Structure formats: C-alpha cells, structure tokens
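Scrolling down, you'll hit the structures one after another.
What follows is subunit A paired twice: with subunit B in the first complex and subunit C in the second.
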Partner chain A sequence: MSAGEGGLDVPRAAGVELEGVTKSFGPNLALDGLSLDVPAGEFLVLLGPSGCGKTTVLRLVAGLEEPTRGVVRIGDQVMNGVDPKERDVAMVFQSYALYPHLSVRRNIEFPLRSRHVDARERMRLVAEVSSALQIGSLLDRKPAEISGGQRQRVALARAIVRRPRVFLMDEPLSNLDAQLRVEMRAELVELHQRLGSTILYVTHDQVEAMTMGDRIAIMNHGVLQQVDTPEKVHDRPANAFVAGFIGSPPMNILAGVVEPVTGDTAPARSPTPADRSVGGTDAGALVSVGMPGGSIPLGGPLAEAVLSRGLASVIVGVRPEHVSIDPAGSLAASVTLVESLGHERHVVCRLEAGQLVVARLAAREAVPRTGERVSLSFSAEHLQLFEPDTEARIDV
Partner chain B sequence: MSDTRRRRRLGEAALGYVFVLPALAVFGVFVFYPLVKTFVLGFYRTPPFPNLPSHFVGLSQYGSVLTSPAFLDSLWRTVLFVLFTVPLGIALGVALALLAHQRLAGIRIFRTIFSSTVATSVAVASVIFYTLLNPEVGLLSYWLGGRGGAGILQSPTLALPAVSVVTIWQNLGFVFILMSAALQSIPDDLMDAARVDGSSMWYRFWHVTLPLLSPTVFFAVVVGTIGSFQAFGQIDLLTQGGPNNHTDVLIYSLYQQAFVFNNTGVAAVMSVLLFAILLLLTAVQFRFFERRVFYGR
Partner chain C sequence: MAAESHPGYGMRSHRSTLLRRLLRYVLLVATALVVAFPIYITVVNALLTPQQIAARPPTLFPLHPHWGAFASAFSTGHLGIFLRNSLIVTVTITLAELVTSALAGYAFAFVRFPFRRTVFFLCIATLMIPMEVTLVPNRETIVALGWFNSFPALIVPFLASGFGTFLFRQAFLGMPGDLRDAAALDGYGHWRFMTRVVLPMNRPVIGAFAVFAFLSAWNQYLWPLVVTETNGVRTVQIGLRQLQALSIDQTNIIFAGTVLAALPIFVILVVFQKQLVRGLTAGALKG
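Right, the complex of A and B next:
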C-alpha cells in the first residue's frame, strides 16, 4: 500500500468487553457465559470450529442480536439495547454483503450517506480509502463485475471509510483462494498496525489465527476455552480441546492409564537430567502411563502432580514435532501414511488399539516405509497432560 | 460431409416445428383467429335491427368511436380506476409483506391472513362487499355513517372508489405473496450490513429494500395495470356501471355494446382500441421504468 495514507491513521479505537454473555436461540444455546475483555487497539482472533458461536459474538457486539443474559460494553459504555447504528462499529461479512444494485463507489459511500456526510467529504474519504486498498479503478463498477478478491477489498473499504471504533470481521478471507488469502493476511495485519484500531476477527483457520492475532480466543460449543497470545496458546494449551485444535498438524491426544512405579525407586526426589527423557529410559520414573502398544515412564514434577491428584488415568498430549521414531522407544506402532510437504514430512502411525499418532520429521531425516513396524518415543519436556474428566491442563 | 450436416440440421428444424405445431394450432384457433376476426368485425357497421346485412364502413367506425364522448368518458373512468387500484394496491402489498417479514411469534398466522384473498374469487369478494356496503344491513355502511339513505355504491362520487377498494382487497393476497417472496430472496446479510452501516429503517427501505424489490414491483405494475384495465366482475356484480354510468369503465361498456345492445361492430372497435392502449402502455412502462429496475447479476 502506497499513496493516500493521509488521514487513515487517526486512531479512534475503543475496547470491547463481554461479561457473562449467554445467548440462546430458542432451545439452542449458542453462547454460554462468555466473558472476554478486548483492550482498545488489539487484534483479537476468535477461533473455533464451525457452529461454536463465533459469528454470534460479532453480532452481539454489532447489536444485530441482543444477549439473553450478560453485558456487552464498547469503550466502557453498556451497549445492551443500543441500536446498531449508534454503536459505531463496522462489520465485514463472510459473504461481503455488498449492495448488488450500487456501484463500488456507492457501496463504500453507503455508511457515509446514511450518516449525512456531505458530498465533498465523501469524495475525499472514498478517494483516500480506495487508493489505500488499490481499488480506485473499480469505483464505477457493480459488485457483480469484479473478482472475489476485489469484492473483499471493497467490503473492507466500506468498513474502514468511516473510522469506526471497532472492526468486526467474520471469516473475511475464507472465500479467497489460498495465495490471495496469504497476501490479504499480511495486508490486514499491516492495516491494523497503521489504523491502530480494535479488531475482532473470526476464523476457523488456526494458521490464520496464529499468524494474525495479538491474542487468540478459542471457543467450543459456545464456551470460551482460552484467551492468550499465539505462543501461549500453542505451548501451554488450557485444555485438551485447545491442544488438539492448535498446531499444524494438531497435537496428538491419547488416553493413558496411570500406574505408580513401585519398588526400589525413591518416590519423591528432585529431578535429574535423566528424568527428562521419556520413552527411552525409565530411570527415576515415578509413574508409568500405559497406552495401547506400550507404556511410557514419567518422572519429575509432572509425575508428582499426577500422583498428588490421585489420577488413575490422564489424557496425554504430544505435538508431532516432539514424537520421534526411535528404536529405543517404548511404544510399538505401524506406519500407515507418509505425507511429504517438501521441507518436512508427516509420518502417520497407528498404535495397537487403532489410534493415530503423527510424527513430524525434517525432510532430511530417514523416513520409514508405509506398513513398517516402528517404535515411538515422546520428548519428555514437551509432554502435556490433561485431567481425564475436565480435560483441563495439569500444570506443574 | 457438409451436405449431410445441412440435411441433419434441416431435419432437426422440421422436428422442432412439429413439436411447436400443437401449441401453435391452439393459439391459432383461440387467440390469433379471434384477434384478426375482431379487427375485421370493426370494419362493419352493425345494422340497427337484427337480420339486416351489415355494412362495410372501413376505418370510419374506429374514428366515430374514438371521438364519441361516451367512449372518452369511459376511458377516463378506466384511467381513474387504474390509478386508484394499482399504486395503492402495490404499496399496501409491499407494506404488508414488510410487516409479515418481521421475526415475531405467531407471524405465520398473519401471513396466512394477508395472503388469504388469493383463495377468493372476484364473485366472492363482490358479494362480501355488496353485503358490507348494503345501506340497510351493511356493517361498513353503518360504520361510515348511519343506516338507510343512499348507499355508497349508489353515490356518484363514492361508487368508483368503492369498487376500487374491492379490487385492491381482492388483489392484495396475490401482491402480498409476490412481494413476500421477493423480500425473502434479499439476503439477510445485506439488511444487517445496512444496519451496522448506520442507516435508519427509512433509509434502508428506500436505498436497499426497494431497489432490490424493483423487478417485482415493476412486474406487479405491468400485470396490475393490465388486470385493472380488464376488471369486469366486480363492476358487473356491484354497480352494473352505475350509478348513472359513474363506474362504466371501458370493459363494461364494451360488454354492454356486445351483449346488451348487440352492437358487435362497436364492441369490436372498442376491443381493438383497448388492446392498442394496453400494448402502448406496456411498451411505455418497459421503455421508461425498466431502466430504473435492478435485475441482479
């Protein structure tokens, strides 16, 4: 983006706060006690599977829906019962929702005209935003006469043109082809930096979420699972759902049976470096986590936490990059599929009871053939454990 | 090579004509032949007494009808009737469709009620209103100012508006269904976007809803105009063109010429003129209003 940056960077951002927001559509509970605090100027990504209530959050903030219970605030003002046109937010719809009977110019002008902005000011603002988004040559066309990517830019221009306090974007890139999506991702991040505006951005694509968000709010079945920075969400997922949703390929999630290691090993002592390898050696192990195809010994604070909670079983999470194919490993598996992505390979292995475990290997590493029997070991310091009932992370 | 291809194409064309033939035959017998016959009938003056030969008078009968005050009065009343019924009927239909488009509990009951007049015939509508407007026992007459005396249908000033109201009522169900269907086809996202973009309900109606409804409104105007020019049943049943010819619209006086006065020549001329008027009017509507219609992609 080059010219016309004149007045684009006037920050008028406001924070958004949802407090105990519940929304039901008849018997259908779309949001369940959602609390979320988005400070002014933040790029917050709402991430979750389809139908988890992401769009509903945006519609509640926009005022297109009213919460069944709870409070919505924009810039510290309670917005319950306030008409959408008084909220001063802009929304980019997944369908773009361009007015098909109006030219691109009239589409971008629409929010200005409905607020009675005078003609000269309208001209100036449209010129500014259309040059920033490189759609200046399309102003006289109808939405049906431009491409998908161009429509997406027009929808964005219509949102930006009136400097709203908050941007709401509902999967704005999901209708674009892969290459254009990557391009627009970068442009949106750049735009956010320049405008300094608050953005609530909805996506079901975790790569988009990880690359764009200041913070990510992960939702499932109308319940907020975790809100944190991309790094934290990746490295310290709050529960098994988040763990399984984030990462590409996502984390391996396995059920494990806890068996205390009895005998000569001292029950509690400070961990030694030897404890930090799991699956290879059982020196200093406190518990052994049984899984189909073998068991992995576990020592250190994590094992202590498991023991102190008296858990008979746990959910084990391990990222594909922390699974290695290792003759000394303690889990027997067979290779079912090897996917090559050029720079890396994904080896899909099947444990004895049928669960799949994915290992991510660098392209130069030796790769087993399909059908081959292998042993797997998990890197200890990256192992994540979750409670069996609540699926909450077991913290050490 | 090209010869066989040409022969095959000829064969296909022939087959096509064979398929069209039955429809063409039906149209020929029931539409084209009567049309031509009517046109020709207009060239003959019907004798004052039956069984006398009719005279060929050429276009002179067209001239005399076109300049006769009776015809012009009748045409003027028809225009008034169209102006009363078409715009108001469509405006009401759009308004009801907008009301019924709201997401409210029990709205389907209203949708059923609003569309119910499609299930009534002109005769039923006329009988209902004839009773309601009866000066002795009619509820509407009672509400509108006492029993007895002169009825609304007997009033020279109120008879045509009253017949128009019956027509609007009768057509309302159809217009309502038409407009409801058109409203449903407007994506919800568009209306939501307009709300978030800060527009008032009024602004949204004029700048989003109405432009997207325009093809349907245009269709309703064209069809409604033709329908109102041809309205007959309600006039025959309610006023018989009275009082004192004040509801004597074109089609009614045409009917009287043909079947009461047995003046087929004049009736034929009026038919042809009515046809010409409607053809011209529809062409004008397409020419001047269609460009303001948005037909989607």
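Right, the complex of A and C next:
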C-alpha cells in the first residue's frame, strides 16, 4: 500500500480543539474542564480506565453529545450546536455498528447515499476502499456472514469511504482476538500514515496506546492527566496515576516518610559500581525515605528537591525493570509470585506492610523461589518522586 | 468412533432417539387433530344438508357435497356486503395501526422529549382498561360527533394501538444503540434512519403485529354492533349473527357463512405464517 496508489490519500485532515470542555450527565460529571489541542494529521490516543470520560470526548467531537460548558472546534470552526452530519467526522464503533439488514456493499455506501453521491461514483469509491482493506470479495455478503475481523474492516471502510476530516475510533479492536488485534494495530498505523488524517482513538489498552499514538492523552475521572508522546509519558509521567497506569507491568508506587540522614547513620564504605543504585548503598545520601521493611537513601538533585520543598512524606515510583533483587538491598520483602513470560520474569514481592513491588528480570537471571525472603534495591537514576498531596511529579 | 468399537451401544442410542422422535410426532399429530377438528367439521357441515347435519351418527366425509349453502349465504345473508365492509374497516385499521405504532414506538425509543416516560406510561395504561369499560362513553362520543352508523365510527377509534406502540418500542430499543449514532454520523436524520434502518431491521415484529391487528379488527363484534344499525356499514361478524337468526332451520348456511367469514384470516395466516412465528419468537431466539 504505497501512498500514491488509489485516490484515498486526499489530504483533508483538520485539527480538533477542545477548550475548557465540561460535560455532566445529571449529577455525574463525565468531563471536567478538558482542554486538548489535536493538530491536523495527528494520531492521538485517549487512554484511561473505563468510565474516565474518554468515550465522552469522542461523542462530543462527533456531535452525539453537546458540552455542558466549553468549546469544541474542528479545523478552527466552532462546532457547538452543529449537527453530527455537518461536522464531517466519521466514527468507528466498538460494536462496529454495521447495519445487519444491508450487504457489505450497501453498508459501505450508506454514508454516500445520504450525501447523494451518484451511482457510478459510489461504485468507484466502494471498489477503491474495499480493495485497500481487502474486503472486495465480501461485498455481497451480510454482516452476519463474515468474521469479526472482516466486520472490523467493513466498519473502517464505511468510515474511510467518505473521507472525513477527522476519524473517531472507540476501542475498535477490543472485540478482536489477540493475534488479529496485533495485525489490525499495524494496519491502522499504516492506514493513518497513508491517509494523513486526524485520528482520535479511544482505548483502555496501554499497549495499543503506546504502539499506535503520536501522542497519548491519559484521562482519569474526567480529568486530563497528561498529553505527550509515548516515550515522555512512560519516562516522565506527570503524576502518580499516569505512572501507575503506563507500563507493563506498571510502575511500582510506594508511599514513604522522609527522614534526614545524619552523618553517623551512613556506614563508611568504599564506593563500588553498585553505588549507582539506591537501597543498597547510601554514600552521599542526603535523606532517606522510610517505608515498611526498610528505607531507601536519596542523594543528588532528587534529595535536594525533597528538602527544598520541605516534604515530610513523598510518593516513590520505580518501574519494575529498575527494581533488582540484591543481597545488599535495604528493603526487606518476601516473594509471593514469580510469573514467567518466556523472555522475562516478573517477581512479585510483598513489603512488610503488605504493599506489592514487582521486579522485572531477564529470563536468564537467577530467580528466587516463592516465599523466599529477599532484599530489594532500586536504580537511583530511574526513581521518580511525586508530591504526597497532589501526586504531581517532583521535577528535578 | 464409539459406534465402531461398541456397535450395540450405538444402535441402541440410535433406536432410542428414533422412538423419542416418534413419540413426539404422535403427540403433535394428536394436538393438531384436537385443534383442527372443529374447523374441519365446520367445513364439512357447510357441504351437507340440514338433515344430514342433524343425523346421528354425524357424517364426517361428505361423499356428495352440496355447494349451494355458500350461494345462499350470499343471497339470504347479504354476506357480500358484510365481507366488503369488514375488508374496508380491517385493512384501514391495520394500515393505520402499523403507521401510528411505528411512529410512536420510534419516538418513544429514539426521540428525547419532555415527559417521555409519563406519556409512554399513559400509552400502555390503555392496555389495562377493558374495552367494555369504555364502550358506553365511546359510543356517546361517536353519536355526539355525528358518526353513528358510519365507517368513521368503526375505524377512527382504532387508528392507534397501545399494544402496537409498546411492541414496536420494545423491539426498537432492542436494537444496538450504536446504530443510531452511526446513522447520525452517516448523515441520516430521524425519518431516514427510521425508514432505512429501523423498519427494515424489524420486519418480523412488524409482520407479526400486522397479522395480529388484522385478526383483532376482523373479529370485532361488540363495538360494530353498538355503533351501527344498518347493513350498509355492518361488518361480517354481525352478518353471521343475523344469518344465524335468519336460517335457524338451515344450519348448513350458517356453517357456510362461518367458513366464508374465516377465509380471509386463513389466507392471511398462511401467507404471513413465517413472519408471525419469527416475530413471536424473535426475542427468544436472539437470546
């Protein structure tokens, strides 16, 4: 599928902008003051747990709902009060929403017929889009007579055939089996590159979000938490929620009490390569963060940030790949579960107060047995700290 | 495979399913006979003379059928006019109920308007009031409107149906909600969504209701009796009653009239049988 073939790639993408959008359904606040700017041609993934308001965003852009407050713009035009059919957006539904009494061809043609496209042009457009999506041989079948993956393609074809300015996709892959989902993921990305269109894509699957999105908007309880590239969202999460939501397995989030380090509590030792991790050695530590089972020493800019803010407690985030099982570690834990994924293992450890910490180890590394007592240490340079009240990331 | 290694077992299980199937068909045939016998005997009696009907034991197989009773039903009983009247009334009511129930059912299912639930409740509340309760006030209304003894008196009170509205609303609500949204984005307003998507998708229910509406309208007796007084507008069920009074000694004519009055319903049932069964079992099958 090269960019030049067919006539699908007419660039008519438009940007989408939401400004202070609030939406409530009776007493329930679905969206709270959401501002989001999606430039034309971007693949933006809306990610969050169910009920976080991400589908509401799509419905507001589509015009299926009107915002309680705030402004929705598509291509610089204010869309509040504009009928869905005038907005020039197409939506792909989780259920596909194909018309069961119509053939695949009639389903794809459906939006064209409402726009009074003449029969010959309709034939041409359907042929073009169905060959691009490899459903040309299914045109005379009914939706009930084709597979889930094929229905997904028909739903996509129906969206693409009228060349909307914006595509809205509401968990389009969630009804497919795992293997098909991976295939369709790649195809959707390719399709986006080919069409150059703006796509707002809703999912609760962070793997989909990380692999497909130009940027990811993470939402929770109707509030936008962070919008950024997959890398930034992963490496520099804006708050503890994002940190705990992104990553597989997600980041370990631990509450700790800040304790200043006095000179004599730090045992003198000669520096070793292991000094690059915390929890093991504490040479140069300015503060330590106490948690059940021990404490982890903090040094450098992180410690300075904690001290300068005068925080008495702090939330520590550490990704499983930065947790190691280390005899010199300063956090005591017991192993509750070892999951093997073939190429890696996840060791689930329990701290004294019952908090779980997951360590991700390569398959070749020695792994403790379930029930074994271990010591954990965290890689210092990858530690993330969050404010205890706002859960916002402490930048250093 | 199991049958190969244990031939006896396979044969026995085969025999028991056969036996069970046989038993099932015997039961079905017996039930069918019980249901069909009165209909059969009505047709047979229409073909016999009054003396043959009165004779005991009864004649079950008319070897020399007399077709004259059918002609007499038309001439003595004026059945032609009654059948025509019934057809006019029934077809109009059926079409009107289909249109109004589909529109109202659609509105209750897809259009947001104030007091929607209250209005819908009022609508289905009409189902709980027996027709006999409203008979007298409704007749007064018809008389006051000057419609006594006219087709409007027979038709207008039945232009809308609480049952049809309820049935269609439930069927429409059973459709996936995304379809309305998809159609809205595809550029289809309420009218075109209804005619292009909702109605075609619900053909079985609509067919079933059409048959039901036809049957109820065709079989009406009490209401037509109290709002009409001349044969020019009276319907076939009243015609039958008159026929019975006219030909007390000619029971074969009464039977012939009954057969003629039931004929349109028979035709409708045969034609729409598939739709009716699908409509009645649609919910059960979809699961």
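Note that in this section the second predicted complex is superposed on the first by the 377 of 396 C-alpha atoms of A that agree within 3 Å, B and C clash if a C-alpha of one lies under 4 Å from a C-alpha of the other, contacts with A are read in each partner's own complex, and residues count from 1 in each chain.
Note that in this section a residue touches a chain if its C-beta (ideal position, glycine included) is under 8 Å from a C-beta of that chain, and two chains touch if they have at least 3 such contacts.
Because the structure is predicted, anything quoted here is derived from the model rather than measured.
Superposition model on subunit A: subunit B and subunit C are shown in a clashing arrangement. In the superposition on chain A, no contact is made by A:Ile394 with either subunit B or subunit C.
Once the two complexes are laid over each other on the shared chain, residue contacts for A:Ala144 go to subunit B alone; subunit C is not touched. With both structures placed on the common chain, the touch criterion links A:Met91 to subunit B and to subunit C. Contacts of A:Pro100 after superposition on the shared chain: both subunit B and subunit C are touched.
Of the two partner chains placed around the shared chain by superposition, neither subunit B nor subunit C is touched by A:Val348.
Contacts of A:Arg115 after superposition: both subunit B and subunit C are touched. In the superposition on chain A, the residues of subunit A touched by subunit B in one structure and by subunit C in the other are 59, 62-64, 84-85, 89-91, 93, 95, 97, 99-101, 110-111, 114-115, 158. If you check the complex, the residues on subunit A that touch subunit B are 59, 62-64, 83-85, 87, 89-91, 93, 95, 97, 99-102, 110-111, 113-115, 144, 158, 162, 168. Subunit A meets subunit C in the complex at residues 59, 62-64, 84-85, 89-91, 93-97, 99-101, 110-111, 114-115, 158. Those residues of subunit C that touch subunit A in the complex are listed here as 176, 178-179, 181-189, 192, 197, 200-201. Note for the complex: subunit B touches subunit A at residues 187, 189-190, 192-200, 203, 207-208, 211-212, 294, 296-297.
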